[in-house]
Structures are given as structure tokens and as C-alpha cells.
Amino acid sequence: MTATAPGPRLEAEGLARAFGAHRAVDHVSFTLEPGEVVALLGPNGAGKTTLLRLLSGALRPSEGVVKLDGRALDTRGPEWQSRVGVLSHQGFLYGHLSARENLRFYADLYALDHARERVERGLESVQLTPRADDTVRTYSRGMRQRLALARTLLHDPDVVLLDEPYTGLDAHAAAVLRGVLEALRDGARTVLLVTHNLTEGLALSDRIAIQVRGRWVHEAPARDFDPTTIHERYRQTVEGAGGGAP
Amino acid sequence: MASAVALLGASLLMVLLWMVFFWVPTEAVQGVIQRIFYVHVPAAWVSFMAFGIVALCGVMYLWLKDDRFDRLAVSAAEGGMVFTTIVLLTGPLWGKIAWGTYWTWEPRLTLTLLLWFIYLGYFMVRNATENPERGKRFAAVVGIVGALDIPLIHVSVLWFRSLHPQPVVLNAEGPALDADMGITIGMGVLAFTVFFFGVMMLRYQLECARARAELLEAR
Amino acid sequence: MNAYLRQVYAVVRKDLLQELRTRQRVATMGAFAVLVAVLFNYAVDPTIVRIQNIAAGLLWMTLIFAGIMGVGRTFALEAEDGAFQGVLLAPIPRDAIYLGKVISNTVLVTVVVALTVGVFGLFFQLQYGTHPVALALTLFLGVVGFVALATLFGAVTAGTTLGEALLPVLLFPLLVPLVVYGVGATGRLLQNRPLAEVEGNIRILGAFAVACIAIGAVLFRHVVED
């Protein structure tokens, strides 16, 4: 991890992406501070996943710039790729390989030093060491998601992008996940968490943003939200911005 | 501009028709059927030239990701496929009378058949993706690899032919050209090329209009 | 180890490990090759043609059809659980992914071709001629050239809605030089013709393989990156 630079860690300026004529992300601008955890909420089809894919470099933006530590960033360049970690709703795992082999594969792709130790530490952190040599297809949804999280964090990224990490998890897996995410709030790492789960998003984040129809329509510190009224406030924001049912 | 070029091409085609039917002398050995050459040869020229444009625009599109190159490429490819089809129709017609068979593995005809299939692949990948941009990239890749492979295909089918006895034919070579015939062929190449560029430019304008319409529709 | 080589090796190792676990591709390709040989036995009347005379063509057709089945699967396997997206998020040059895939696919197809050649010997008493090394080299270079193109276009077709069905349409026209020179060399080697007669062909096959790898390595990025 690099030393904390003054100023924002990640900035997006006028980020946009259209598929044919459909604007999935419509000129979004924001900043993420070092150490900040931001929860991004929004209805289905709001373009949240597309935004994450733009930030991660999986998609090329039609317009706009992303800046890392104040410098314009090639989201498809190796420098950024080795500093960002992405957890999607798919695990990016090979079912016929064991957990250890999967992590080892990614450690080699990232050309990490001390690969063996990192892999073991990663397995440990998500409590999968006892099952590390079983093939991933024998895993439950929760175990897969934990392994996917270990894969996301294997190269110790400065910026972590999480897309609906809680979908379909049992209580135990959710607890492990929450523990790891809490540990990510170490003051240096920047996390953008896309979620449907308002309560979970509120509990984990410093700031809440709401995206509707490709735009960020609302941003506020998490402390401004009351857990009892957040659902109502969210619904009003989404409807006010012309979005469908949340 | 585009319609002017297309009209000029069409007029040149009329002149070509007149030359083919009334002006140029009948070839002594083959007779009337040889006149199909004045369509066949220019069409073949345009087929391969068009694929060159497809490949060049493909390179530019992958490099600059500018939609205009893709529109140009697809316009050239559509025209090219039509002319390739003309070559494949006129070749066997001539072959049946001159060679006594509709199809021989004559290297140039073989190459044109393969070119037709490469064009086919070009359109198939283009239309087989959910994300249109991906289809454009895939098509560009097909165009580039195809264009690089075509010379090698040509060399290989020539080599193959040099090894294998050909079916007995009346006249394996094309006709010996006299001056008038040369002029008519030249006119054919000119007319087909101008007409092709005119049609390609019209097609390009249509493609641009379609893109604008999609943008408006989305608003 | 150099980072680039380590990344290429990671892809190769992962692919082969996967294949070792599932044996999907080698099993389907191998069964296909053997069964095709069985069908050839009935498709060719030995009182009219000697198999020795047409074996080169049959071998190459089997190589291409079996190869298409195997290589066509390679990106479908990657799509499971979106794994390939994960690979693309890593700081790995796209040509390293392509080279890794070409190497692992070459290993698989070579195994199947070796099996096919063996089966032809067993079923049809095929004589391998006086230059088995040249024969092996011819087939191997053919496999490399084929795999280089098939891997690139396998990535293309995997991204389309038509999937692997489209692969032959894109690939076959481009494979003509490979078949012409490959079958030419193989046929002569099986007829015990002198090496000098096939040297040129083998060189061209080698050049074709190298050129296809180079083209694939350059273009692969444009196929896999959205």
C-alpha cells in the first residue's frame, strides 16, 4: 500500500458509458477519499454495476476521466489493475480447481511476491484453510463468496470495489464477510460498496450515494441517515429522480 | 456528393454496356460468351479492393475506436459481397461454355469463393452479438485476419494447382486481348470502381443516418 | 522468474490442471478421433482405394474437426462463474493470456493428433514412412498454426450469441493454406518421398504458425476487452 497522499484517492469526472443509444452511466462525478467507505444504492437498472465495471477497467468509458491520487488514470493499465480489487456477483473462480489453486493462479497473474504466504494468509482470513484443497464446485454459495473475497484482496488493493457482496449468503457467511469488510476500514483503503441492502450499506459505510438512471442523485454522510427512516428516504429520492420502484 | 458519384458510376456502366454489346469485336476463339469478361474481371477487381478497404478501416477502428471507420468498413463489405457474388455467378457461366463445366478449381475462382465466405463470416459475427460495439470489433478482427490470409490462400491454391492435373478444357487461359478489348476491360474497371465508391458512400450516409436516428430515439 | 513468463505459465498450468481434473476436452476430442477412424473404415472401400494413399487427407480432416471441438470449448470453460473477467482485471498483458491459451491448447490437440496417428496405424496398418520425425514436425506445426487461429476465433465466437457453431465458418476459409501445404507434405512423407520434396512445405507451415501467433497476440486484446 502506498502512503496516504493528500487529496482524494479516486476521482471520477463526467464518467459516462452508453450501450448503443442507452446511457447506462450518465456523466457521473464524485470523489472517494483515502480510507473512506462509500455505499452506492439504487434501483435495478440504475447502472451501478456498469459504473463499477467502468471504474475497474472492465469497460471503456465513452466519456469522462478517472483520476487516482490526482493523476488521470488508464483504467486498463497494469498500474491500476494491480491497485484495485473487484468483487462481483460472480466469483471469478474455477470450479474444478481447489481454493488454494485458485488463489495461487491469481497470485501468479498478479505476479505477487511471496505468493505462497499470501495465499495461506488469504485462506486464513476467510476461514477456508480446512477446506483449501477441495475443489471449489463442492463449495456452498457462502464459501465461494468468502473465497472470492480472498481473491479480491489477495494483492492488497488500495481501492476495493464490491458489487452486491451479500446476495444469497447464509448467516455465517454474511458474518465472516462483515468481519472482513470491517477489517478493510483500516483508514487507508478506499471502498465502494454497491448494494441493495440499505441497512447493511448504512452499517458499513461512511457515506451513502444513490444512483438513479445512470446519475448520482443524492450523496450524504452515513450519519445523516436514520436506520429507521432510511427506507422511506431512499424511496422518495428514487421516485423523485424518476426511477422505478426501488 | 455521394449520389453524384453513384450517378456517374451508373452512367459509366451504361457506356460500358454499349461498348460490350455494340462496340467491342467478338473474340475469335470463344465467341460471344467471352463478353462476360467485361463484367467478370472488373467485379473481381472491386471484390478484392473492397476487402482491402474493410481491413484498413478495421485497423483504424480498432486503433481509434471511431464509429465512422466501422460504418465505412461495413459499407465496403456489403458492396464487396455483392460484387463477389457477381464474380461467382459470371465465372461458372463462362466456364460452362468455355471449359465445358460450371466449376473448376481454378485458383482465382477458388480464392473468390473463399473471399465470399470470409465476407459471410464478417457479417455473421457482426450481427451475432448483444453489444453492437463488440460485433464491430469482432468484424474488424475477421477483416484484418482475412486480408492478411488472402495472399497466402492465393499462393497455396496456385501451388496446389501446379501439382494436380486439371480437367480437359478448351482454353485454360483467358483470351488474348487485342487493343479494343483492353480498352473495354479498362472501361469496365473504371465504371465498376466509380459505381462501387458511389454506392459505398451512399451506404455510409445511410449508416450515419441510422446511428443518428438511434440516438434521437433514445432521448 | 520473469513476470511475463510467470503469467503465461500460470495460464498454461491452470488450463492443464482443469483438463486433468475434468478430462472433458481430451476425452471428447479423442473419442471423436477414434470414432471417425471407425467410420472411415466403412466410408472407404479398400478394394478401390488404398487408405495409405488418402490417409494424409483423413488425418488432417480429423485434426481440424477434433481440434475445433476442443479449442472451441476453451473460452466456454472460462465463462463459468465469470472467471475470465477476473483474469482480465489482473495486470496481465493480453498477449500473455493468448500465448498461455495457445500453449495449453497445443498440448491438448497434439495429444489427440498423436492418438489419431496411432489409431490409424492400428486400424489401417498405416505405414509412417521413412521420415517419422519430419512427419511429426509437419503435424505439430500444423497443430500450432491451427490452434493459433482457432484460439483467436474461439474467443470471438465465445463472445457471440451463436457460440461455437460459428467457429467453422470463420476458420475454414483461413485454414486453406494449412491444409494445402500440410496435406501435401504429409501425403508425400507417407509415400516415402525424399525429404527435399517436403522441406519447402514444412518451412511454410512453420512460417504460417509463427505469423498466426503474431497476429493473434496483437488482435487478442481487441477481442476480449469490452
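To keep things simple, chains are lettered A, B and C as they appear, and every chain counts its residues starting from 1.
Going forward, a contact is a pair of C-beta atoms (placed from the backbone, for glycine too) under 8 Å apart; a residue touches a chain by one contact, two chains touch by 3 or more.
If you're wondering where the values come from, they're calculated on a predicted model, not measured in any experiment.
Engineer: Chains shared as neighbours by subunit A and subunit B?
Structural biologist: Common neighbours, subunit A/subunit B: C.
Engineer: With chain centres defined as mean CA positions, report which chain is farthest from subunit B.
Structural biologist: Following the centroid criterion, the farthest chain would be A.
Engineer: Name the most central chain, where centre means the mean of Cα atoms.
Structural biologist: Chain C is the most central one.
Engineer: I'd like to verify one number: the distance from the centre of subunit A to the centre of subunit B, where each centre is the average of its C-alpha atoms, in whole angstrom.
Structural biologist: Spacing between the chain centres: roughly 51 Å.
Engineer: Roughly how many whole angstrom separate the Cα centroids of subunit B and subunit C?
Structural biologist: 32
Engineer: Please report how many Å separate the Cα centroid of subunit A from that of subunit C, as a whole number.
Structural biologist: Whole-Å distance between the two chain centres: 39.
Engineer: Quick check: what residues of subunit B touch more than one other chain, meaning two or more?
Structural biologist: 131, 133
Engineer: On subunit C, where are the residues touching two or more other chains?
Structural biologist: Only 226 qualify.
Engineer: Got the subunit A residues that touch at least 2 other chains?
Structural biologist: 60
Engineer: For subunit B, which residues are in contact with subunit C within the complex?
Structural biologist: 62, 114-115, 117-118, 120-121, 124-125, 128-131, 133-135, 137-138, 140-142, 144-146, 148-149, 152-153, 155-157, 159-160, 163
Engineer: What part of subunit A is in contact with subunit B in the complex they form?
Structural biologist: Residue positions touching the partner: 19-23, 60.
Engineer: Taking the touch rule as given, give the residues of subunit B at its contact with subunit A in the complex, in rising order.
Structural biologist: 65, 131-133, 214-215, 217-218
Engineer: Under the stated contact criterion, what part of subunit A meets subunit C in this complex?
Structural biologist: Listed in rising order, the residues are 56-60, 76, 78-79, 81-82, 84, 86, 88, 90-97, 101, 105-106, 108-111, 135, 144, 151.
Engineer: Which residues of subunit C touch subunit A in their complex?
Structural biologist: 3, 6-7, 9-11, 13-14, 17-18, 21-22, 80-83, 85-93, 225-226
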